[in-house]
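Here it is: the structure, laid out below.
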Amino acid sequence: MTLSAEVTERVAPKKRRRDLARYLYIAPATLYVLMFAVVPMVRGVWLGFTDTKLTNPSGGRFIGLDNYTSLLGSEAFWNSIRTTILYTLVTVIGTLVLGTSAALALNRAFAGRALLRGLLTFPYAMPTIAAVLVFIWIYNPSSGLFNRVGRVLGIGEAGWLTDPEYGLASVLIATIWKVFPIVMLIVLAALQSVPEELREAARVDGADALSSFRGIVLPHIMPTLRIVALLMTIWSIRRFEIIYLLTGGGPVETTNTVVVSIYRRAFSDLDLSTAAALGVFGLLLSFIVTVAFFIIETRETRKEASS
Amino acid sequence: MNLKLHRGLAATATFCLIAGLAACADSGEDNQDTSDGKAAGTLVVANYQFLESGRGEALWNGLLQYESANSDAKLEQSASPYLQYVDKINTELGAGAGPDVFVIQEAQFATLAEAGLLATLNSAVEGSDITDLNSGLKIDGNQLGVIWEQVTYALIANKNVIEDAGITEMPTTVDELIAAALQVQERTDASGFAVRHLMSEFESWWMDYNVWPFGFDGAWSDGEELTIDSPENIAGLEAYKAVYDAGIMPLGDDASTYRTKFKENQLAFMIENNGATLSFTSGGAITGQDIESSPLPFEYPGQHQRIVLAVNANSDNKALALDFIKWFVSPEGQTAIRPGLGASTLATDVPLGADFEAANPWAQTFLDAAATSRSNLIPGFETETKPIMQVIMQAVERSITQGQDPAAALAEAQEQAPAAVG
Amino acid sequence: MTTITFSDVNKSFGRTRVIEHFSAEISDREFLVLLGPSGCGKSTMLRMIAGLTDISSGEIRFDGTRINEREPRERNVAFVFQSYALYPHMTVRQNISFPLIMDRFSKWYHLPILNSIMRRLIARRPDVREQVEQVAKTLELEPYLERRPKALSGGQRQRVALARALVRDPVVYLLDEPLSNLDAKLRSQMRAEISALHRRVGKSFIYVTHDQVEAMTMATRVVVLDKGRIQQVGTPAEIYTEPANVFVAGFIGSPPMNLIPMEVGAGVARIAETGARTSLTPPVAEGDVLLGIRPERLSLTRPDEPGAVTAYVASAENLGGETVIGFRFHDILDDTVVASEDPGGTHHARVSGAPPISVGDRIGLAIPADGLCWFDTETGLVLKQSSVVEA
Amino acid sequence: MTRVKRLPGIAARALVVGLFVIIAGLPVYWMVNTALSTDAELYRTGQDWWLHLERLVDIPGTLSTVPILKWMTNSAVIAAGTMTLSLILSVLAAYALSRFKFHGKGVVAFMLFATQMLPEALIVVPLFAIFVSLGLLNELYGLVLANTAFTMPVAVFILKAAIDKIPHETEEAARIDGCPRSSQLTMIILPLILPSIAAAAVINFFDGWNEFLFANTFIADAEKWPASVGLVSFIGQYGTPLATVMAAAVLFTIPAVVFFLVVQRQIVSGLTAGAVKG
């Protein structure tokens, strides 16, 4: 009895110190995010239960679930949820495929590779507004690049930003173009962990490019791809500038994602509380994706660990 | 020891963060009145127009004359690009911050006034020559703003283009307009006609769009109830749709694009406001002499866009702000900003300069329109104008891009609008 | 000159107990091998000595001083990892000199940025360079000093890992399956090298492996571990000839010791399966026991030879100089299932040369009277071996 | 033999690379092309397919009316500040998340992730109030602080994934060798995750460089604008000088790309190059 007490006493201080040190590594980032993101977020979520106006952000009254029930009953809301999901799906798939293949293509050494990498990061390095302006111009029905090329090739023209048939596609093209380099960057970094000798071995064995990718490269970059996919999804759900500036949610609401309607509600209608309620639904969407991700992630990590 | 060390590392980072935040938590700059009671200090003025090349400088220099009128005052610009100006002012004022003096659109004025964020200007405008038009900015007997400028709408044409097309008379009806535009497109490689039609330009589109229903004596409300699907409004949308479908418009062009086309002799007709029209006279292929103007091709008058100068109720230096407004509505102040504001109607009746008139013969049509033009705000729903207009413009969009019947589209909007009003 | 003492060391991860009641003492200059199947807790044990894993209860003492709470470097141990754990971004020289540099670091050198400057400065000191080159020479690494680990072969990396351990003057060297990533030929070469190193440095080595050959060839003493418990401690010879229980008997040797179920009645031992009577003297008078006998102690005779037991050949592997015969006590043609894994089914005999037998043959096996082990069927523990030997 | 076998592969790769050059490069080319076109060409005759490089000399003149250098300096300060602060915080946090067990780890990880879910439109109003009370308005470092909150978590996840891949033994070896925790991080871990640090640095730098909404809302002084806001200021109420904006946009993009080109060597070489050398 006395012995064990003595033992605990001697172990404890050292252990406690070490534990404390652990927290100190994570504390700065945590405090930081608490202050600049979580506090505003909590405030934002709270607003969803009030009738706050933008012109008087602190003067709202608590009105319970009214904002939510009225949203759930509106066709426009469900339309924006559908649009968000569609926009997100296509963006994620498009950027992942494009970004990964770009990274693979640029991972091998060849002359002028660095320059090409530079070129391929241009879209991401560019202010969104610049990308938007050039795409508006490219989409211009009479003098835009697309329709001019279309006319030259005889495949006709389209109202890229005016025709409800094309609106979302136009926004998606611009988005994927703007965003895919970030996938390329991250995958390029991840590719460096694929042992060179493994890939060499695969090549000598005569494995064709695809099966060498699937069998050797893909497993190595899979954890990275998963996290990139998650980030892409979450970023797509909340992407705002490029959509809003290109189409403002039109034509005929075909690009009116949840976040675009949040902005319209908050700043056009000055209705901060409905915007906040919408925001909660947006968060919910991201939340579901994240939880799904973590479930997959744990399963996969376990699989990797056991194999 | 290593524990201490890495703990120290982490602690340092935390400390830097907190210290950084705390250090800058207190930097209040204050203005004070001079002892003789005269207003003094620095006044922050916000206006997106300051950033416009040419006009911006003229306006700012005009305002700077206040510094010579009150030697204790200093003006400072709060800059914000046009694109996000409204949102920024709303965010700032809502948080009790923001510039001392600023310009705002009439719709925004209504909401800010309702929220009590605008200071009363009664003492500043007392005894001034401000016109009756300013009485719309009086709420419950308090003057909460004065007109900065009021722009009106007219039909304008590029003389070079229409002469090439053999058109000598300005159209006076929608049908004539379509015919003339088609004639232009047949005989030249220019487009016939352009107006806004893109949802990405909603913030301006809805204000521009009102010429169509107003031209048929339409109104979005009778002062009590919304009347979105009234026959007049339907007629207005039908006319707009007819023009849209007539193949005379460069569809997909945003305003910036078709306006530049106009400047480059690639567009014949526009329904425009005088502010935009003035901007065509510089930096392009045409001068003021190349622009023809005529009243809107409708039976009834159009609307105006009113830009209001107001004072922040939370300003640290209201006395100075009021002194500034007092100067602004004086003949001295009004003359100072006239050159920058072209053919707009101002808070007082200040004549256009003779030089300006000679260079811009198109201007008078716009000034004449001011006598009968109507407000863009929806009577009885002033502060909810924008959400309602959002619903309406969505209906308009459905009608033109998906061919929905105008009556049905507006009926749908009439149904949806109450929800938007909340 | 350090003695390492373990008193009732326990370790559990959550509810799983990986080490139970580990008590032992390691005296100076020992080459102690911790031997056991994977998951037996031997690596955990080594990591606890190094200080990489906390001890749940009990004590580890270096020369009587409790070191449970000490940081690894305060314990002054050297550790060779199974994966070598070289620093991939450092050259061989930097890898080897790293522990020397760390020894020469004062506390404040560890400040970020300063630490990399100081590292470079100290690496240039003549004493450090000399020591590194000395070790490199010993391990024939001199030509590779400026290479990075990626450009080395497996054996070279292994040597770098050893060099990094040797360059210091620790109280004990801890080696965690250091040879498991090498091919067979290289492995036997490295076994010899490590043994030679042990003799030269004159310090204790604690060596973890699941490979009994390594244990047998290198150890001065072996600790056999299973399921977190010490099964036996002894010299390689003791472990081999006198296993303390059926686990050790079955774990050591290839093929392992035969464990033949016997029935003892009235002092006579019969093979349980066939009831064949033997002339062996069992340690008990009555009951079921297991007879343990090394395959090489059995010799081939004609069937029905007096004193021999009869068996049937289940397999015969000619290894060149010798043949391993798998046998059963019943005709294998009667078997419907091939149960070669069943210890009760097939036993082994190792005989020299290549006797002319084939599968299915009926043979006789002579069991010598000495060098046998008897185990309790229930507990698996050895039964009074000495009395048997006397008999 | 092998060379012959590989030829189709090389051709295929050239095709893929070419495709990417077109995908990524075409809009960029069109931007440059537009920047070098006159209004008359843009709106009347249609711009030429090829570049009027001779007009490059006119660009400085067109942009001289705005403090373009000042804006770019501001952007650089914001981007560099955001990147630095965010890397410091994220290295510590990623290390802790990857290597330590502690209470609330899941909560912290989720909280970091949650920052990536927040729509700016929702956050900007409460954040503005925080900025007012902290007096951070109209300050470049205020923007650095705000940006970091949203860029840092991305860096954390990239770096955590990288640290996860480093075997624990490497640090344990260092621990045995007498290297304390803080130096294990700086002397062992950091060099090994350099490619990921570089990737995170680029992403954070770009995010800081291009951030618009916070800069626009929190900065009232045009002298303190970053390039992104400056660019938007070309968009006027009545028109946008397209060629000028495009010229400015390309100009604004170049420093970011140059930064990438400097750093990219780390992203893709780091260890591999060092290992093969010698």
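For reference, chains read A, B, C and D in written order, and residue numbers begin at 1 within each chain.
Simple rule for what comes next: a contact is a pair of C-beta atoms (placed from the backbone, for glycine too) under 8 Å apart; a residue touches a chain by one contact, two chains touch by 3 or more.
Since this is a predicted model, take the numbers as computed values, not measurements.
The chain with its Cα centre farthest from the Cα centre of chain D is C.
Nearest to the global CA centroid, when each chain is reduced to the mean of its CA atoms, is chain A. The greatest number of inter-chain C-beta pairs in contact is found between A-D. Chain C and chain D have CA centres that are 54 Å apart.
For the pair chain B and chain C, the distance between mean C-alpha positions equals 87 Å. Taking each chain's centre as the average of its CA atoms, chain A and chain D sit 15 Å apart. If each chain is reduced to the centroid of its CA atoms, chain B and chain D end up 36 Å from each other. Counting partner chains per residue, chain B shows two or more touched chains at residues 1-3, 5-6, 9-10, 13, 21, 87, 91, 94-95, 257.
Annotation for chain D: residues 42-43, 88-89, 92, 125, 129, 145, 180-183, 213, 232, 235, 240, 242, 271 touch two or more other chains. For chain A, the set of residues touching two or more other chains reads 21, 25, 28, 32, 35, 54, 57, 143, 267. Partner chain A is touched in their complex by these residues of chain B: 3, 6-7, 9-11, 13-14, 17-18, 21, 86-87, 90-91, 93-95, 111-112, 114-117, 191, 197-203, 250-254, 257, 386-387, 390, 394, 397-398, 401-402, 419-420, 422. Those residues of chain D lying in contact with chain A across their complex are 5, 9, 12-13, 16-17, 20-21, 23-28, 30-31, 34, 42-43, 46-47, 88-90, 92-93, 95-97, 100, 102, 105, 108, 110-123, 125-127, 129-130, 145-146, 148-150, 152-154, 156-158, 161-162, 164-165, 181, 195-196, 198-199, 202-203, 206, 209-210, 212-213, 227-228, 231-232, 235, 240, 242, 245-246, 249-250, 252-253, 256-257, 260-261, 264-265, 267-272. Across the interface of their complex, chain D is touched by residues 19, 21-23, 25-26, 28-30, 32-41, 43-44, 54, 57-58, 98, 101-102, 105-108, 110, 114-131, 133-135, 137-138, 143, 145, 148, 177, 181-182, 185-186, 188-193, 196, 206, 209, 223-224, 227, 231, 234-235, 237-238, 240-241, 258-259, 262-263, 266-267, 272, 275-276, 279, 282-283, 286-287, 290 of chain A. Against chain B, in their complex, chain D makes its touches with residues 39-40, 42-44, 65, 88-89, 92, 124-125, 128-129, 132-137, 139, 141-142, 145, 180-183, 185, 213, 216-217, 220-222, 225, 229, 232-233, 235-242. For chain D in complex with chain C, the residues that touch the partner chain are 167, 169-170, 172-180, 182-183, 186-188, 191-192, 271, 274-278.
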